[in-house]
Amino acid sequence: MTIDLLTQPVGVSHYLVVGAVLFVSGAVAMATKRNAIGVLMGIELVLNGANLNFVAFGSSYLRGGSQGGVGLDGQLIAMFVIVLAAAEAAVALAIALNFYNNHATVDVDQGDELKG
Amino acid sequence: METAAINWHSFFFLLFALVACTFAVAMLLSSNIVRMAFYLVISLGAVSGLFFLAGADFVGALQLMIYVGGTVVVLIFGVMLTARAPFLRMRTGVAQWALAAIVGGCLLAVLLQAALSVDEWAPPSMVGENPPVSNTYTAAPLGLGVLGVRVDQLDEEDATLRNGMSGYLLPFEIVSIHLLVVLIGAAYLARTKRRPKEPTGDRQETVEPMISSGK
Amino acid sequence: MAEYLASYFDSQWHWVAYALVGLVQAGLLLALILTGAAVFIWMERKIAGRIQDRLGPSRVGGRFGWLQSLADGIKLIAKEDIVPAAADGLLFRIAPYISFMAAFSVFLAIPLADGWVALRMNVAVFFILAVAGLEVLGVVLAGYASGSKWSLFGAMREAAQVVSYEVPLGLCVVVPVMVVGSMDLVEIGRAQSGWFWQWLIFHDPFTFITFWVFFTCALASVNRLPFDMPEAESELVAGFMTEYSGFRWSVFFMAEYTSMFAVSCLAAILFFGGWNGPIPLATMIGLTPDNGALTEWLGNLLGMMNLIAKGFFGVTVMIWTRWSLPRLRIDQVLTTCLKYCIPLAAAMFLGAMLWLYAFPGGVVSRFVQTSPVGGTPTPVAVVDGKGGV
Amino acid sequence: MELAVSLPLLLGLAWLLPLVSFALIVALGPRMGRGGRGAGFLASGAIIASLVLSLAALALWLTNHPIPPPHHGEHETAAHAAAAPVDEAAEPPLPAPASAAAPLAGDWYTVCEFGSLRLSIGYYIDALTVAMFVMVTLIASCIHVYSFGYMHEELHDVHDAAVLVDGRPLRRRGRFHRFYQYLSLFSFSMLGLVVAGNVFMVFVFWELVGICSYLLIGFYIERPSASRAGNKAFIVNRVGDFGMLIGLMALWGSLGTFAFGDRADAAGQIQPGIFSQVRSQDSHYSLVVPTGMVRFAARDEIETIYRTAANQAAAEAEVAAMLPRWRELGYGHGLLVIAGLGIFCGCVGKSAQFPLHVWLPDAMEGPTPVSALIHAATMVAAGVYLVGRLYPVFTPDVMLVIAYVGCITLFIAATIAITATDIKRVLAYSTVSQLGYMMLALGVGGWLAGLYHLFTHAFFKSLLFLGSGSVIHATGTNEMPEMGGLAKKMPWTAWTMLAGCLAISGAGVPLLIGLSGYYSKDSILAQVFSFKVHHSFHGWIFYAAAAGGAAITAFYMFRLWYMTFAGKPRDEHIFEHAHESPRTMVVPLVILAFFAVTVAWQVPFTNISLSGLLEQARPVGTATGSSGLSMLAVTMPAETESHATEIHVPVSLTAFIAALIGFALATACYGLRTLDPAEASREFPHVYRFLRNKWWFDELYQRLFIGPTLRIADWIADLDKRGIDRAIDGLARAARMVSGLDDWIDRWLVDGLVNRLAAWFYDAGLWLRRFQTGNLRQYVMFIVVGTVGLFVLVSLYWNYTVAG
């Protein structure tokens, strides 16, 4: 099995599996971390998992050099996701800092003033 | 049958995939914010390696530059905001962990099922061949793609696809403006305002002026 | 080389050949860097001595104290490895290696001569910037993990400084990339072959100014005086290195000199013709690929020496600067970046763009009526329909 | 360049320069230099440039229209006239005027044209226009320069002691720039009024100078007296302008044109202007009722003709045949009289003539340079100017009215001036009186005499005002009883003012030489005397008033001079602080004094003289005496008649003696103090009070007009409150009742339904609220669970064959 993995070429599925793991890790991190920064990290992981999928769908190597999939669009979308993730991180960090300024903590469980 | 030669592409894929997944899970399990950030950096770096392996040089470099660099900033914030007690931990209840694990497991199962169930996504049958890892040209096609010129679809039969759709120029511009707005907005949000009374704040106060000196 | 070696093995043992080759290459590179670092440290001490009207090291290894660095190294390795009680052990231990790894990885993509590059990438410049930026990670981790105020301050300053200076640095790098039309450092080097007026620094007034901005920002991003905020020994004891000693401390030190060398090499390739000497000597005496593999190899060797000489010169200038200028305050450092370097770099970027638009063929080569010796820069992005070029 | 091109160009430029200055000051205002000092330089530069242009225009005019050598009978060389007796019989009635000095009429710009209504920015340039330009710009230049000194307080913040705010002097920002802004606007408007080529334009600029006057009277707007005076001037002028509008309507409605002169239209057809319609060539330039007016008056008959005639041409022929008959029957004559009276009504307002003279003395609330420029030299003279300009239109009856109004005005104003103690008020009443002189002269056929006096008066009166301004500037008070002996302190002001007093009194050696006032006043008296020959009743009244007025003039002027400059200081404190004014104020005084003395003299070694110049502009057909079209059988004597020796010599002597009497009386009362004026006032208390209270005019108007108006307004307000408001209140109450019903329906039917629905949703919301826990992590779980659930659902129910 191990030898198989080492000698067989990788395909899109491989990437998707890694992406799924990253995604789920991120989602669970978001669900379990009480630290706002931790939640942010979870988001980054989720985005990365998605990005991995995009790149995998767009890669021709993973299809044995043949065309297909989403082509360059995958990389382009990944690029946009990365850039927008940077923007999101900036705002999220600003929000976290503000949250900290107002609550003296970054525990997201403390920020439930707007609950119903 | 002779054992096939090792496929370096697969080898490095496995290496990076393992690193990425391991450290993602490590980040999930760690409760020290700085270590979390460190694990995250490693995981993201490994993902960028995966990008390189998939022939997406530019995106990989972008990932390294922005994500990993950006995570450094996250790290700094982690340090700053948890600096009151040096290694502050915020415990999550066991029940919540269990719930999250169940739900996350379901999600993972669903995703894996989806990932492995499409034939088209299965590995190509090129036993022992190493697809080129490097020397790919992705920056120029990406740039042209943004402009709407698709070098990957020159032999596309559908003329509307081939002759260029509108490209991503407008989204590109929107994103740049968006970034600018976000920068300004973030600076606005994070500006120093009145502060609540500090319960124990010597460390906080020593850190604060240094940050504000970065204005 | 790897394929050649692999032919001596069975197919299932090919990986041994590959691994061997990889290790050898890495070892060679490491040797270059470590030797370089040793020499730089010695140079630093000598130059500092001369500038301060002293002799500097003068005994170890006979004349000039040229073995001083080696002696220091042995001493440092022999020292006890101390981890403070308040430290985060794992991160404290791992941080120096992260820094050094980042600095070292830069050399993955730096071509020492035409084609002599560990990993040729078409986004090499971008890659280098990205990887070089990772050095700060190690510093921040070190600063945090030390559990010391001084270290934390140093790390924070480092983060603020490096993250800020990455912006003008990137802008400056874009200018030569734009002039050549490629992010591949090999292509950039080739584009400057020939006489020294083909060098990009002499391409137009904007690239000329860009180089100086680049050099300033590079100084800041490798934390050299006058920008050595993270260490600032008069304020922060030793900044993020306060709690370090022995071998780990020396690793940080090596990382610093390695990055200095790396940015100097990058500057040499981007602005000073890379492996092309001021006079195309190799071409003149026939050391070109046309005359066979050996001559090509010799020509490349000459080119590598050329590049290393330029890198050394760059490091020397950095040392010189360090011992000549006083340290800035942190706010002055950031002001320099945000108020001067970024606008200047942006202006140079625009100017170079307009210049290219106005004089598409370049100006110097138009006035100096000599044909380029090493062939004209090849146009980029010849699209072949497969996403390759 | 041809005269017809260059003159309009020069004068147009001179006219527009102040407008440019005005616009610039409006735009930049206080930002022009410290305290807006630059505004003064700009405005002065503009007006001086205008002066230069006007002088160029004058030179151009004189080179193109040389003045003939003064033949016998010309007025200003009295010796010459005495030596060569006039042979009236040998001189034929003046024929049509030499075309050499024909006026230039045309349009710069046509604003709009609706049928026969044509509004244009036009010009009508003759010697009078050119002379007025030079006079206005010269005096305005002097006053611009003078104001640098007088208004310098406005350069910084001003403490106005006349206005108290919380018991302390009002502190406000300086308005130097605004003052010059208004001056520029005024200069522009006045020049526009002078150059105007049609009645419409005259009216526009007439109102513009009015508004400038209003703004400048109210310059110290914080002072209640100033704002009240501004309002008074404005409202009183409206009364006159109302009459003027009627006159304009009468002219335009019947003549179909606003233009003074003839105009060639696009087809090359000559469109006759007002003047050639009133005095057409066919009637040998004598005044006849113009065809337009006749047709207007006979419109019923013309309509009948058109109804009965076979075709249009025949009807037109019949009308043409009937025209002389209708004209003989006096058709349209009333219209002509109404037009003349209406226009004169406007002049009465603007020139402060008898019933409407009350505003001018109050207008002295404005800064003194303004009084000098607007309320003495130029704007108030605009009424006289307009009468002179539209002279051909007036019938002898109207002229008689003008003469009476002028006569009454001159007498009333002169008498009031005797008792006034405010130095500016004395001058103001003097102005009114002198304007009355001009009107009187115009009314008795002395076109030249009236306008002649206009010019001379402009110089000496502006001089006197500036002198008084200098005194006020030095002493800080207007009251003459607080002055005295100032000649020692401010010699320049004193002696220039003395020159002005002499000029206004008509000082001179009889029949030989004199100051400017001597010539103009003599010519007025001569014309009145000549009128007396024809109408001894009216003539005697006029002559007595004019000669008496001359004596009173001399009396009050020297009273003023003595009280101010001679004798001992009455208020030591003021005297101590008095000082000579700065050079910017003294230099204009000297310049104006020079002109006040010499303006009526012939330029040595040339034929150029003011009267000669004005003579060129005499309207066609007014040189000869006329008696036509008069319902009261008034005969206007030709002006040349007054040059006869038997008129000239006695008049000169009368005037001289009258002035001498006035002078002697003033010297006795105030100079030598041999007579005590206070005693006189005690002995005639009623007369004194009568004069002191300005003939009770203000009180009379209060009773006659203002009081009733206020009562009517009260009454209407009452009506509004009691009648209309109540009705509306009732309506509103009814509406409220209806809306109350609506309200009930809305509340219980419509709202009830909606509220019930809303309550349901509210309950649902309350229930759903529990899911919004505010726990971020829980939300993430929701999302994940939702995604998985969706996926499961889709897997169960989605048909994969469709998706491929």
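To keep things simple, chains are lettered A, B, C and D as they appear, and every chain counts its residues starting from 1.
Just so it is clear, contacts are C-beta pairs under 8 Å (C-beta built on N, C-alpha and C of every residue); 3 or more make two chains touch, one makes a residue touch a chain.
If you're wondering where the values come from, they're calculated on a predicted model, not measured in any experiment.
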Innermost chain, where centres are averages of C-alpha coordinates: D
Chain whose Cα centroid lies at the greatest distance from that of chain A: D
Chain pair with more C-beta contacts, A-B versus B-C: A-B
Length of the line joining the C-alpha centres of chain B and chain C, rounded to whole Å: 26
Between chain C and chain A, distance of the C-alpha-averaged centres to the nearest whole Å: 32
Computed distance of Cα centres, chain B from chain A, in Å: 5
Chain centre separation in whole Å, for chain D relative to chain B (CA means): 85
Junction residues of chain B, two or more chains touched: 3-6, 11, 58, 62, 73, 96, 100, 103-104, 107, 114, 138, 141, 151-152, 155
Chain C: positions in contact with at least two other chains: 387
Sites on chain D at which at least two other chains make contact: 777, 781, 784
Chain A - residues contacting chain D, complex: 27, 30-34, 39, 42, 108-109, 111-116
Of chain B, residues touching chain A in the complex: 3-7, 9-11, 13-14, 17, 20-21, 24-25, 27-28, 33, 36-37, 40, 43-44, 47, 50-51, 53-56, 58-59, 62-63, 66-67, 70-71, 73-74, 77-78, 81-82, 90-92, 96-97, 100-101, 103-105, 107-108, 111-112, 114-116, 118, 120-129, 131-132, 138, 141-142, 145-146, 150-153, 155, 168, 171-172, 175, 178-179, 182-183, 185-190, 192-193, 195-196, 198-199
Partner chain D, residues of chain B touching it in the complex: 96, 99-100, 103-104, 106-107, 110, 114
Sites on chain D touched by chain A in the complex: 768-777, 780-781, 784
Interface residues, chain B side, partner chain C - complex: 2-6, 8, 11, 32, 34-35, 38, 41, 45, 57-58, 61-62, 64-65, 68-69, 72-73, 75-76, 79, 83, 86-87, 134-141, 144, 151-152, 154-155, 206-207, 210-211, 213-215
